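Presented sequentially are two complexes of chain A, the first with chain B as partner and the second with chain C.
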Partner chain A sequence: MTRSWATMEDFEAFLDDGGLVEADDPMPDAYRQAVFAFIEMHANSELMGGLTERDWIPKTPGLRHKMAVLAKTQDEIGHGHLLYMVAADLGVKTRVEMLEDLFAGRSRFHNVFHYRAVTWGDQVAIAFLVDAAALISQQAVFKNCSYGPYKRILRRIIAEEGFHMRLGEDRMLRIAEGTDRQRLMFQESLNRWFWPALQLFGPDSESDDVLLRWHIKSERNEVLRDRWVQRFVPMLQSYGFTIPAPDMRWDAVRHRWDVGSIDWEPLKRTLAQGGPDSSRRIREAADNWSRTAWVRAALSDNGAAANGAGNGSTSTGGS
Partner chain B sequence: MRVYEVFVKKDGRNEFRHVGALEAATDELALVLAREVYLRRAEGDRLWVVRRDHVVAAPGDFVDPNADKPHRHHDGAAVAARRMAARQSPS
Partner chain C sequence: MSEPHGVREYLLAFADDEHLMGQQHTEWIGIAPFLEEDLAVSSIGQDELGHAALLYELVLDLEGVEATDPALDALAFGRPSDDYRCCHLVEYTTSDWAEALVRHWVYDTFEAMRWKLVAGSSLPKLASVARKALQEEAFHCRHADALLDKLLAAPEARKRILEALEVVGPLVTGLCEPVEGEAEAIRTGVAAGSTTDLLAPLQQAAEERFGAAPVNSLLDHGQNRRTTRSADFEPLLARMREVFDYDPEAIW
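Moving on to the complex of A and B:
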C-alpha cells in the first residue's frame, strides 16, 4: 500500500484513526524525530539496566536466584538489541552512533539507572518496583502505539518484563516473611527506591505533548503514575512495610492513595546526568564498551573472515 | 555489518512470521544472535535469517489492484435470506 500525507493535518487524522506507521512510510520529520528520541531513550535504559543487573550475578544469593538474575540480564541486553535495531531503522542515527552517544554521556536513559544499588534489598526493590513501573508505562505505549515496529517489539518485551516483576515479587515475599534483619534491609531499600521508581513516570503530561498527540504514548504520565501508586502502596503495606511518604493520605472520597506533593528536582538532575551515580554508571558502561572492542573486532566482517566463519555454509532448515 | 530480517516458526501450526531485524557480520553470526535475541525461550523451533538486501519487496502500489475484486468473494447473504424465508413459510 502506497501512502503519503500531504499535510501534518492529514497525517494526524491518519494517526487519530488508529493508523500504524511503518519504517518505510514517508512520515513527517518531526514525528520521525520524536519516535526516534523515545525509542533511543528506551533502548539506552534497557542497556544500562542490563549492565547493573549483570553486576549482581556474582552477588546474588543461591543458585536458583543467580540463574534467574542471569536470565534477567540476558533479557535486558536482548531488549536493548531489539530496540536499537528499531531505532536505527528510523535512519536518524546508526546503532553504533547511539551507543557512542550513550557512553559519552550525550544521551539520556531513565532516572532509576542513575542511582546505585547498594544491597540485595535494592535489587529486589528494583525488580519489583522499577520493572513494574517500566511494565506499566510500556503496556500503555503498546496499547495504542502508532509506530508499528515499536508496537510489535514491545509485545515481546512486555512478556519478559512480566517475568522480571514476578521474580521481584517472589523475592520481596521471601524477605517479607524473613527475619527482622531482612525486613529492615528491604524497608531501607524501599526508602531509597520508592521515589525514584515513582518519578520514572515523569511529571504530569503537558497539554501539548506531541507524544500523546501522535499516539506514541496513549496515556498521560500522571494516570500511569497513579496506577502504580494504587497498586503498590496497598501491596507493600499489606506485607508490613512503610511507604516513605510522610504526606501520604487515603482520600476517602476518591477511594485512592494520595502520595502528596512530589519533588521533581532529583528527576531533573538525572536527566542532566547529575544523579547520585550517573557519572560512575556512564564511565563503567564506557569502560565496558572499550574493553569489549576486541570482541566486536573479531565479529566484524574482517575478523569473521580471518576466523574462517564464511557465509552460506549454514542451511536454512527448510520449511 | 549487514542487516538481517528474522523469521520464526512455531510447530506445524503457523506460517513463518517476521519478528524483527538484527545486524551481524556473517550469516552464521546472524543465526546465533537471532537465537539469543528472539528465541531465548524457544519462541519457535525453526529460524530463518534473510539479508535485508536480498529481500525482494513489491513496490508500494503493487498489490493495490486486488483490493477491488468483489467478484472474487461471495458473502452468501442472498442464499441465507432465501433459506430463512423458506423456513418461515412452510410449504
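Moving on to the complex of A and C:
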C-alpha cells in the first residue's frame, strides 16, 4: 500500500506516533538523506572496524581462540554487507559508490577506526570497550527507530554483538587475572583506547538534532556516553586497571562517576580524516580495492551480481 | 620407527596442512575483492582451523594428553620448526589474490580426496571427523569452482589465473607427498591409501579445470618427506606466535 504525507508536519506526526517508514515510501528527501548518511556511516564503520582488527586476526593466540575470532569477524562483515544493502535501497548511492567514496576518503566512519591497534591488548580493548560502546548506541537506535529496514537489521546485529561483547569480556578477564606483563599490556591499551571509545558517542546532542526529532536516534549522545561510563569505569577499576582520566571523580550526591572535562579536539580532527591512522588506513584500503579491481571487472562482465554493483534503485522495498 | 610415532606423524602432517591453510585464509579477511568473499574466507578459514584442531586432538589422544587449549596450542604453535610436517604449498605466503584462489582450489580439491582416505579409518574419531569435513569440503570446492568458472571465462582474469597456476603448480606435488609415517598409518588401517596416489587424479582434475596440467610429477621439491621447511615458514610461524612469545607464561 502506497502512503504519502502532504507536509513535513504530517510526516513528523506519523513518526511521533511510532510509525515505521519503508524503503518504497515517498519520504521527505531530508529524511531520506539523514537516514542514508546514518546507515552509510554504520556500514562503513563495520567494514573499517574489520580492517582495524585484521592486523591482529592472523596473530590471535590460540587455535580455538582464532576460530572464535573468525566467527566474530564473519558476523561483523555480514553486518556491513546487510547495512550496505539497506543503505543502497534508499537510492542515494549504490553499494559500489559508497565503497569508492569510503576508499577515496570522502565519507565518514566511526572515530575509533582511525586509530591503529598496535598490540594484542588493543585488539581486546576494541572487542571489549569499543564493541560495547557501539552496542549501547545501536540498542538506543533500535528501541525507537523510525526506518523499518534499519530497525529490522539492527535486531539481528544487536543479538550478535551481545555474543561479541561476551567474547571480549572473557578475553579481558583472562588478561586481568593473568601475568604482570599481560596486565601492563592491557593498561597501556586502555590508556590509548579509553578516550576514543568514549568519544564514539560524539559530543552532547544539539537541541535541534534532526536524528532525534525523526526518531532515528532515541537518546541523546551524552546519555548514552554516561551509560557506558557508569558501566565500564567501575568494572575496569574492580580488576585493578587505572582509568586514564586524571580529573575523574565519584559524585557522591548523584552516585555517578564523572570523567571530568572532555577534550573534543581529537574527535574533530579525526572526523575530518586527520585521525592518527586515517591516511594509512584509507590508503591501504584503497590500494587493496584497486589491486583486486580485475576480479570485480571480470565478474561483472559475466553478468554476475557478486560485486554488488547496480543496486541503486529505490523500488525494491523493505518488507 | 615405532608404530604410534608413524601414526602421530601422519596425523600431524594432515593437521599442520589444515592449520596453515586456515591461517592463510585469515590473511585475506577485510581485503578480499568484495564483501561476500571476505565472508567466504572467514568461514572457510574457520572450517580449516576446526579440522586442524580436531586432528591435533587425535594426536593428543595418542599421547594420552587431555586436549585442553594450552595442550592443543603447544602442539599447534609450540613445536620446533623441524617437527612440523606441513607441505610447502600451505607455507607459501602470497599477496596475490589469483594465487590465493588457485591454491584454494588445488588444496580443497586434494583435501576432499584426502578425507575420503580416512573416512573408514580404524580410528573411529578420525572417521567421524572425516564425514563432517567431507560435507564442508563440498562447499569449499563449490566456492572455488564458482569463482573460477566466471574468472576463466573473462580474458584478462583468465590470464592472471593461468599465471598464478605457473607459480602454484610446482608446489602441488609436495601437497601429495606423504610423510615417512604414512606406511604405518596405512598398515594399521588409519588411512586407506597413500596421498601419493592422489597426485594423478588431482592432475586430471586440474587439467579439466584449467585446461593445462599444472605440475610435473617428477619434480623434486626438496621437502624430503615433509621434513624440511620452505623460506616462508619461519616468518609465518613467528607471526602466528607473536602474542605467545610476548609472554610465555600467559594464558590469553
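Assume the second predicted complex is superposed on the first by the 296 of 319 C-alpha atoms of A that agree within 3 Å, B and C clash if a C-alpha of one lies under 4 Å from a C-alpha of the other, contacts with A are read in each partner's own complex, and residues count from 1 in each chain.
As a convention for this text, contacts are C-beta pairs under 8 Å (C-beta built on N, C-alpha and C of every residue); 3 or more make two chains touch, one makes a residue touch a chain.
From a predicted model like this one, the values you see are computed outputs, not experimental measurements.
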Looking at the overlay, what does A:Val86 touch: chain B (first), chain C (second), both, or neither? first
Contact-wise, after the overlay, does A:Asp301 reach chain B, chain C, both or neither (first, second, both, neither)? both
Partner touching more residues of chain A, whether chain B or chain C: C
In the superposed arrangement, which partner chain does A:His65 touch: chain B (first), chain C (second), both, or neither? second
In the overlay, answer first, second, both or neither for which of chain B and chain C A:Asn288 touches. second
Quick one: classify A:Gln74 as touching chain B (first), chain C (second), both or neither. both
Which superposed partner A:Gly178 touches (first chain B, second chain C, both, neither): second
Set of chain A residues, in rising order, touched by both chain B and chain C: 71, 74, 78, 81, 299, 301, 304
If you look only at chain B, which of its residues touch chain A in the complex? 1, 9, 16, 19-29, 31, 33, 36-38, 40, 43, 46-48, 59-61, 63-64
Which positions of chain C touch chain A when the two form their complex? 19, 22-23, 26-27, 29-36, 38-39, 42-43, 45-46, 49-50, 52-53, 56, 69, 72-73, 76-77, 97, 150-151, 153-154, 156-157, 160, 239-240, 242-244, 246-247, 249-252
Using the touch definition up top, name the residues of chain A that touch chain B in the complex. 1-3, 71, 74-75, 78, 81-82, 85-86, 88-89, 95, 149, 152-153, 156, 299-301, 303-304, 309-314, 316-319
Counting only contacts in the complex, chain A reaches chain C at residues 47, 50-51, 53-54, 57-67, 70-71, 73-74, 77-78, 80-81, 84, 120, 171, 174-175, 178-179, 181-182, 185, 285, 288, 291-292, 294-299, 301-302, 304, 306-308
